[in-house]
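You will see two complexes here that share subunit A, one where it goes with subunit B and one where it goes with subunit C.
Showing the complex of A and B:
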């Protein structure tokens, strides 16, 4: 290599390192800004904050509107995750452990809700809900959200069940277990951590869902993301930074928990 | 014939009904059991994935003027511009994400520094903790007239007037890049980890520069993973709703905003349905292209991480 080439490749290496560092900063800035702003005592957005305090957290705790939106989100997210797991889990067993025809293609189709462009899907669901007059119903939103949460179950539980050798069930059956008992006592128990992880991620996806609720939720179903969305259209309310910080902490814990569940 | 199987009927009568199918026994449960287990899933698939789009299509060719709705939609040059800009910006976002994400994924694979690794990993995962609307909120707080960037620029006397940053197309692009960059890094990281780095040393030993080794040896091996990431990013970018509406403003030239305005301001079902169908067509076309070029296995892996 000539010295010019060495200089060039060193330059390229430095350049790409610099870009990577800038990207890391870019990814962190919004997070850091939100957390810092949440400890500002100002009633308007102010950076850097002149006075630090917990005003945003107190204001959030005292507001009925925001509290009820959190309750609404929980009311939606729990059943949603439950439906997603109850629909997805048996299907994953069917795709991986039975002689169902077309099982591979069907398992792939479980990813469809993830691969359909979000707005297109939302307006399609709206068209269907308008036809049956179920726009704005809680059950309708739960069902719509569970479809979005379904790919998490199919992917996570599917990956876990593929790691469990089918021979284990054979061993159990050769030792006298019935087929059902072998499936339940061996495979199900081994993928249980993954099922729990899928439940957590499906719950978080539903809790965070903000596109469908705008279409099929109608004007009266106000979940937390919808409340933030509505308030953002009017301006920047610093109260949201408080909610956002709490949310980040809780979500971070839950996601880390889900990662550990998947590893076990 | 020395080791011929003993006839089942010699000691046990073969005619007993519960013995009849023993030879067809398989350790895997039958298709019927599979069908039973998969029934809820299949119902959801038909009712919540297939039917809504049938209904969307029916709405698009329904009131007010049937198939001519398409004609009216396409003859409106404002609509066409919006669709064009949507696809163009989705492509820009995807390109930025794949390049930036590729650099990050490569850095994550090749870095020896533990601090760098930790910084990279946490910069990828921490944004996931922030809710989707909160991310947009953060961008509004950063870019607004009285936002963080404008305040800092004015405090440092770089600009006198606040810059117009929010409600612009670059704001939407930046917001979308921010939301999808972590999603782009992970599948490429997985694809890169399967590449043997000793190949670079081998190439360099044969006289290639580092850049050349990366371009000619590593890049071809990484292409399928990169392409799968590209397809998925493009589809996701087409489907963004919150970001164009909130960071682009109510009149921003994005299909998502168009759909929202048509539906909630003008109650024009047909127009918004056609907008949705166009996005769907774009999404399906790019997934199909990805399927043809890199195969379903890589696409699945790119989604599944």
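Showing the complex of A and C:
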């Protein structure tokens, strides 16, 4: 290699490092700014804050509007994650442990919600829900959110079960276990961390969901993301920075937990 | 242990997957305490037979009897068979001790008895003091020892092993094979051992059952099958012997026949009844080929050397017999090293080393004087995923 080529490749290496650093800065600066803003005591958004404090958090905790929206989000997200796991688990077992016809196609359809344009799907859902008079109901929103939560179960639990050899169940049966005991005691036990991880991610997906709730939630079903959108219409309340910080912290913790669960 | 009692009996056992007949009506008797190897190329149906015996799949027809008890339709748990898989199949979330005691727990052994049995088994397979380890902290050989201890802990009447040494490197394989022999000697459990490796079958087994296209081609001691192969497939797959086409001239009664081979009239041993077959193969073991030329009763071969390979201790010489095909010879170093590729060579085989086998399997293998490698049959064993 000539010295010119060495110089060029060194330059390229520096350039690519610089791009990576810029990307990270670009991604994290808003996060950092929001966190800093949330600890400002001002009643309007201003950066840098003049006085630090926990005013935004106190206001959030004292507001019925915000508290009830958080409760509503929890009421939606928990059942959604449960439905996704209860529907997704048997599907994953069927995709991987049976000779079900068309199982590749079915498995792909389990991932389809990742690819669907959300707004288009929400419009279709709204039309259908209107027919059944379930617009604005908690159950209706849980069902809609379950659709986008399902792929987390199909992907995460599916990947986990592919790493569990079918021989393990056979060996358990030869050692005296019934078929059910072999399946639950061995295979299910081994994918349990993945199921919990999928539950966490499905929960977050539903908690964070802001499209469906605007279509099928009606005027009265106010989840946290909906409440944030609504509040923006009246102007920017700095309280949102506090909510954003809490959300990011909780999400970060939950994701860390999910990653940890998948490793065990 | 009664050497004449039957440990396992397969009666006309057959298994089809849709139109594919993986096992086509197999009869086999394994005696109590015997170490029997099922040897065959992939797709020959040997793994399917193992899964049928274990109860992971049910036979299309036929019966499986363990010590006289018909288990054909029982669940794997009811059969009381120990099983060792090629990839160990240890429970990754359980320690060595928990793995070994799993079968005891499932069978309702009290905790104190379980613990002492686990220690006993760990001792037997040479895993003393490792009971708290997880499978991923063990080497491949150690993992296979755990799998063996786990399969034997509940004192099964029958132990099935599916290529248990296949995932180990060569040196470890030889050590583990010796260990297997020792453990079998100590416990006297009946063993059915599946492999495609003829060396493994030869060194481990009391008797070998050779599988070919869903049927058992022959059963016998390794020595009998090697020295007097009853079929062409046994001669090529198990013995690795040369095959030269010949014509049967005289059928005699004392296990000897006269054949015309390479234009010479020679005597040969016959491992099976050859009546009615004019065309036969003459089996020539590579070590039985010598340099030289003498009159009958020996078989003389004129050939051209096409390749020589020094393999340490002997020279492997590949020759071409004009109009017939290749012949493999294992010559002593002093004879073989001097041979030049392309040179003519005179070879002879003593008639006592010749075996004649029938030539009926023509339809499924090409006519060649070379030992045909295992036919590239479809891997039907993989279809056995219906449990």
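Basically, the second predicted complex is superposed on the first by the 253 of 264 C-alpha atoms of A that agree within 3 Å, B and C clash if a C-alpha of one lies under 4 Å from a C-alpha of the other, contacts with A are read in each partner's own complex, and residues count from 1 in each chain.
Just so it is clear, a residue touches a chain if its C-beta (ideal position, glycine included) is under 8 Å from a C-beta of that chain, and two chains touch if they have at least 3 such contacts.
Computed from a prediction, not measured in an experiment: that's the story for all the values here.
Asks: Please indicate which partner A:179 is in contact with in the superposed arrangement: first for subunit B, second for subunit C, both, or neither.
Replies: After superposition on chain A, A:179 lies in contact with both partners, subunit B and subunit C.
Asks: Regarding the shared-chain residue A:77, is it in contact with subunit B (first), subunit C (second), both, or neither?
Replies: neither
Asks: Under the stated touch criterion, which partner chain does A:221 make contact with: subunit B (first), subunit C (second), both, or neither?
Replies: After superposing on A, A:221 lies clear of both subunit B and subunit C.
Asks: For A:142, is the partner it touches subunit B (first), subunit C (second), both, or none of the two (neither)?
Replies: It touches nothing on subunit B or subunit C.
Asks: So in the superposed three-chain picture, is A:190 touching just subunit B, just subunit C, both, or none of them (first/second/both/neither)?
Replies: second
Asks: Identify the partner contact of A:171: answer first if only subunit B is touched, second if only subunit C is, both if each is, neither if none is.
Replies: A:171: touches subunit C, not subunit B.
Asks: Touch test for A:202: subunit B only (first), subunit C only (second), both, or neither?
Replies: Touch partners of A:202: none, neither subunit B nor subunit C.
Asks: Report the partner of subunit A that touches more of its residues: subunit B or subunit C.
Replies: B
Asks: For A:91, using the defined touch cut-off, is the partner it touches subunit B, subunit C, both, or neither? Pick first, second, both or neither.
Replies: Touch partner of A:91: subunit B, not subunit C.
Asks: Please write out, lowest number first, the residues of subunit A touched by both subunit B and subunit C across the two complexes.
Replies: Common interface on subunit A, subunit B vs subunit C: 99, 166, 169-170, 173, 179.
Asks: Can you tell me which positions in subunit A touch subunit C when the two form their complex?
Replies: Those residues of subunit A that touch subunit C are 99, 165-179, 181, 186, 189-190.
Asks: Can you check the complex and tell me which residues of subunit A touch subunit B?
Replies: Going through subunit A, the ones touching subunit B are 1, 5-6, 8-9, 12-13, 16-17, 19-20, 23-24, 26-31, 33-34, 37, 44-47, 86-88, 90-91, 93-95, 97-101, 103, 106, 108-128, 130-131, 143-144, 146-147, 150-151, 155, 159, 166, 169-170, 173, 179, 183, 207-208, 210-211, 214-215, 224-225, 228-229, 232-233, 236, 240-241, 244, 247-249, 251-252, 255.
Asks: If we count contacts the way the header does, which residues on subunit B are in touch with subunit A in the complex?
Replies: Residues of subunit B touching subunit A: 26-31, 33-38, 40-42, 44-45, 48-49, 51-53, 55-56, 58-59, 100, 103-104, 106-107, 119-120, 123-142, 144, 146-148, 151-152, 178, 181-182, 207, 209-211, 232, 235-236, 238-242, 246, 255-256, 259-260, 263, 269, 272-273, 275-277, 279-280, 282-283, 287, 296, 300, 303-304.
Asks: Could you please specify the touching residues of subunit C with respect to subunit A in the complex?
Replies: Against subunit A, subunit C makes touches at 54-56, 75-77, 79-83, 85, 87, 89, 91-93, 102-103, 106-107, 150-151, 154, 385-387.
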